[in-house]
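After this come two complexes, each holding chain A, first together with chain B and then together with chain C.
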Partner chain A sequence: MNSIPLFLIIIPLFAACLILLINFLKVNLKLIKLISLSSIIISLIIVGLSIIDILIKKETLIYNLGGWKEPLGICLYMDGLAWFSSFLGIIIALFSLIYSLKEKNYQYKFYFFFLILLAGMQGVILTNDIFNMFVFFEILSIASYILIAYSQESRAIKASFNYLLISGLGMSLFLLGIGLIYQGCGSLSLTQIGKTFSIGKGIPPFMFQLTISLIIVGIGIKAAFIPLHLWLPDAHAYAPTPISALLSGIIIKISFLAIWRIINIVEAINFQYLFLWIGSLTALMPVIWALSQTDIKKLLAYHSVSQMGFIIVSFGAGSTLSLTGSLYHLLNHSFFKSLLFFSMGAVIYATDIRDLRKLSGLFKKMPCVAISFLIGALSISGIPPFNGFVSKTLISASLKEHPLPFIFIFLASVGTVASFTKLMMIFLSKERIKNDNSGNFKEGEKAELFSNKIKKIPKTMVYPIVILSIICLLSGIFPFYIIKGISNFILLKDLSYSIKIYSSYNIEKSLFTFILGIFLYKFITTKYGKRISLRISQMELGLNNSLLLVIVSLIIFVIFDNIVKY
Partner chain B sequence: MEFYLTFLLFLIGIWGIISKENLIKKIIGLNIADSAVVLFFILIGHRYGSTAPIMEKGIKNVVDPLPQALMLTAIVIGICLTALALALVLKMYKEYQTLNISQIEKLAEDE
Partner chain C sequence: MKKEDRSEIVSITSRKLVPYILLFGLYLISYGHLSPGGGFQGGVVLGSGIILLSLSRGIFLTEKKFSSPKITFLEAFMITIFILLGIIGLIAGKSFLGNIFPLKKAGEIPTAGFIFLLNLVIGLKVGAGIILIFYSLCERQEE
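This part shows the complex of A and B:
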């Protein structure tokens, strides 16, 4: 049983190599699809088998690579948190792969890099050696740069290059941090670092602060919190749809969980307070940009950043309740965000249009996708009885002691409702709407566009969408098992604080949010609101500024502790 | 002293990444920053008067071999990253006919 972590990394890597070999034999693409699908299903079965050891017996699976034990060798660890994220990653990867099966543009290279991405992801989760974590992060990121640029369109390539440069800078900061850790405590294994690398054990406070900041900022670029998020909207919007779902659904969260683990291990509690503020800003700011977007996938990408803010702010609050809320929201967000990306991808597949002003009246054309999208949109807006409501309730209940972040989170929820109402209009509005000053086309042109051009969506695209929407509904109706499961088996703490999810106060609050959101949507559609949103959408910082912001945020992380003291 | 020089090299690299307009120069900056980190790691393991860690008879005073092994990996990763970045730059040059980042951003906005 102890070799389970190893298999989770090896199986996708092996399948990827097999795909490359098979490609030389010039066989059918079907065999390649079969190999990648079966490798992911095998990994899923293996993760399923380990549930007994990890969640029920509460053991940690340890595998020593090459037989070298802890301080010297590289170890693979699998505890509750690692199991959780590994399981989630494999599930989302399975759905993304099923979704991409019928797309004709995807050659063997796509499946090859997809599996490499999966292997890198599992490695980041499971390794217990910080340098090994760096290597797996680089594997993950190189695969994702290539996959983002897969369509070879100019804006996809530009987005990929921006991501590469920002993330490359971040990774060298991370490597510098690893060097400082090695200098400080002479070991790279996370367990050993936890024992020896702390202020109380001879590490100067400034050095400690600098090292942890370098590591957090380095990884944080992939976790995309403010102000490190500027690469994300382009990269996630112009990637192929299954990859957008995978990146938004799981990769940014894996990076955040890596930060989570490192902060827990070195017990840098003072950083949690900073994350409270960063998280609340991260929740609020991107919503403003999302409201002004016209590209449907870019709007979703901005919301990925915003929802990461919800996860980060409740991590910052630090109590058991808020950590449970954070993990629950992480779980929910992976499901509903991949659902939303899949359904928007289906819309783009069917119509070849990305601009939401040009899309309308799609409900009749694709009712299945529309209903699933509605479920996803209600989940992300936090409307009962869907899963987003439960985790947002947990998060706002845990923020009672911090009024300002609470207000930020509330405003972010209002903005989320408004921008998803805007997105929902592509399904709900009538086909022939009056031409306003937003588009350059004449009345009647729209209807003609749709009746002629709509393509049939293959079944492999519809199945993941429907299954994910059912998951969103079920995990909203039966939240208690998941809350108990997260707090008892993953965080290993008993959630003594009892909370009523479906109380009248919570439901009223979410209805209030909903009504405010509708009003905000009405405001955006007025002439004045349109002018504002046009102005906002033009305020995008370029590559140089986003690189500069990396350094600025590093400086903030290093000195904030002193600022708080005085 | 060596540590300060390495740090200076790192800062030069970061300055190159941030302030240069030319995409190739940005990549060169990234490489300089990476090399500075590599040098830093080698310096951590180094002690004056010690020799290479090849264990034969009579050799006692050796440097720490672990950072060197780590840096071999880091250098390989750096090469992959540089190759990919240059390939992307080539694609962008074919598209926009320029390497200047501000001009490229302006052209991309107009699309």
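This part shows the complex of A and C:
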């Protein structure tokens, strides 16, 4: 028994309660910040120490809560995959917390819910009991509803409420699935479920299909693949910036990894094939919407969905190479997406403008942020030598046997280049507020913007941005250690063939993508392209439709197996 | 609520009832490990006692006795105590939330180790939470 998994959950939880308690003593906010920062740093040290047990000795750390052993009690498991996601979660949380330190609006409640979010996240990763996973998912969701609506703007509250309704539906589907599992095998521990819950051991095929579909759709709402993604762009865009980075960077991936674990445990391999198609659609569709966005954070939020598609499609392909690519892209995406959110948050902090048509010529005013953002944008577009290039190469190399998803992924990359060129223009273009006649500005707004001085960005905001951009560069230049580490220590499989990442074919392919992307950008800035993107941006589905789509996707998940057979 | 709206009968009955409701809540909490009930259920009963009081006597009078900051403090304090109890088990060489008290035969006084303590903490926390939810709902109406 090893208490490392336990400490990762209770340290943030205890720190959160402590914050709530010492708030009654009318203490300075600095003490609260210190407590939350130190709790995350202690967690980071603990998870760093456990690298010896997990990755070098290849053990699984097990902790029995209350001293009750496996089939009766609740266990916490920490294997390679759990270590990987837990480590990633704590790092992104640390950066988000450092980023939020100097923001004046954040009172003690922000730090309280932040730590509760972290504790819920660690719980979802580490638990080995499916009902306990449900409870931690609820803790995580409640914290995130409140944090999304933290700014108390009406659109943030609306986004948070939409998320609450859709996610509530999803969680009840998940609970129904748990009930069916308990009825089928009489246990809630994932190890026991793996032993007894399969078609070969007396579970009727339809029952099996229904149960796993309920669980996948239930958690899938948080993982935000198509068609369950409709809540995400609003919720991630209108949340406070550190929370957007945390939600986009890690929470949606934690949810996907929970699906990953459940599919692996019950060996529902037929679902992986469905994920190949869902993933390729998820990669392509949101890019079209992202191209038509004018809100800088909403554009990034659509790209979160799209990049989740890359991760899901390579999970669906199922080979060791593609699983490695999937986890590598997951790692990279959490780094560059939080980098992109942080830098856009810094732009919003400095200028108070969210519309990219109104922003221009910011390179001179914030060069540090601009260069870091450029690195993040190049990473997400898959340009060498940044980390996105490596993982996208791995993903497209593993999709050679599936031509149609390969094309979808390629088109999605082109769209990504185009929309990040569009976003990059707020730094690179010349300052044109004074003589802008495009009609984007309301009366009087232009003069106000021009006279408005840009606020200075505090250093606590700049450090995470710079460090993350260095990480993006380093993990792109030295990919082999990470690829080896992921395949050998986390997936516990040898990558049998060697891949050449920086071959001339791959570099030419990414150059080709880049050029096509620039052409696409040129097209959407023409008159005709602008009209199309305006039309697309008006085609947003509302809450009713997204609730309906949850039901539709549940039906698809249940019956697709029979369709494939005939 | 205006004074003439209030019925004498309701007021007196609920005033007589509230102590018994609170007692019943405490009973549910303290016998949670032996009979139906437990921390959460007992806490809800405790909370509903106070809610009954504020429905019959008016929220203003009730908030004088059970003021909102006090109850908030109770809630925050109890959750911290709960985690501390878990950590004490860890320090004593057992696991998180492991029992630290000696176990005796069924029927003798510390029957279930420290489950009574956990139930008490949860009961007070849930009761405080229920009261706070009620208070915040009422505040919205008065605005």
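Just so we're on the same page, the second predicted complex is superposed on the first by the 546 of 566 C-alpha atoms of A that agree within 3 Å, B and C clash if a C-alpha of one lies under 4 Å from a C-alpha of the other, contacts with A are read in each partner's own complex, and residues count from 1 in each chain.
Keep this in mind: a contact is a pair of C-beta atoms (placed from the backbone, for glycine too) under 8 Å apart; a residue touches a chain by one contact, two chains touch by 3 or more.
Just so we're clear, the structure is a prediction, and the values are computed from it rather than from any experiment.
In the superposition on chain A, contact of A:L21 is made with chain C only, not with chain B. Of the two partner chains, neither chain B nor chain C is touched by A:I499.
Once the two complexes are laid over each other on the shared chain, residue contacts for A:I62 go to neither chain B nor chain C. The partner that reaches more residues of chain A, of the two candidates chain B and chain C, is B. Applying the stated contact rule after C-alpha superposition, one finds that A:I518 touches neither chain B nor chain C. Chain B contributes residues 10, 13-14, 17-19, 21, 23, 26-27, 30, 33-34, 37, 40-41, 44, 66-67, 70, 73-74, 77, 80-81, 84-85, 88-89, 91-92, 95-96, 101-102, 104-105, 108, 111 to its touches with chain A in the complex. Taken together, the chain C residues at the contact with chain A in this complex read 69, 73, 76-77, 79-80, 83, 86-87, 90, 94-98. Remark: chain A residues 1, 3, 6, 10, 13-14, 17-18, 20-21, 23-24, 63-67 touch chain C in the complex. Taken in their complex, chain A has these residues touching chain B: 131, 134-135, 138, 142, 145-146, 149, 152, 154-155, 157-158, 160-161, 164-165, 168-169, 172, 175-176, 179, 182-183, 188, 542-544, 547-548, 551.
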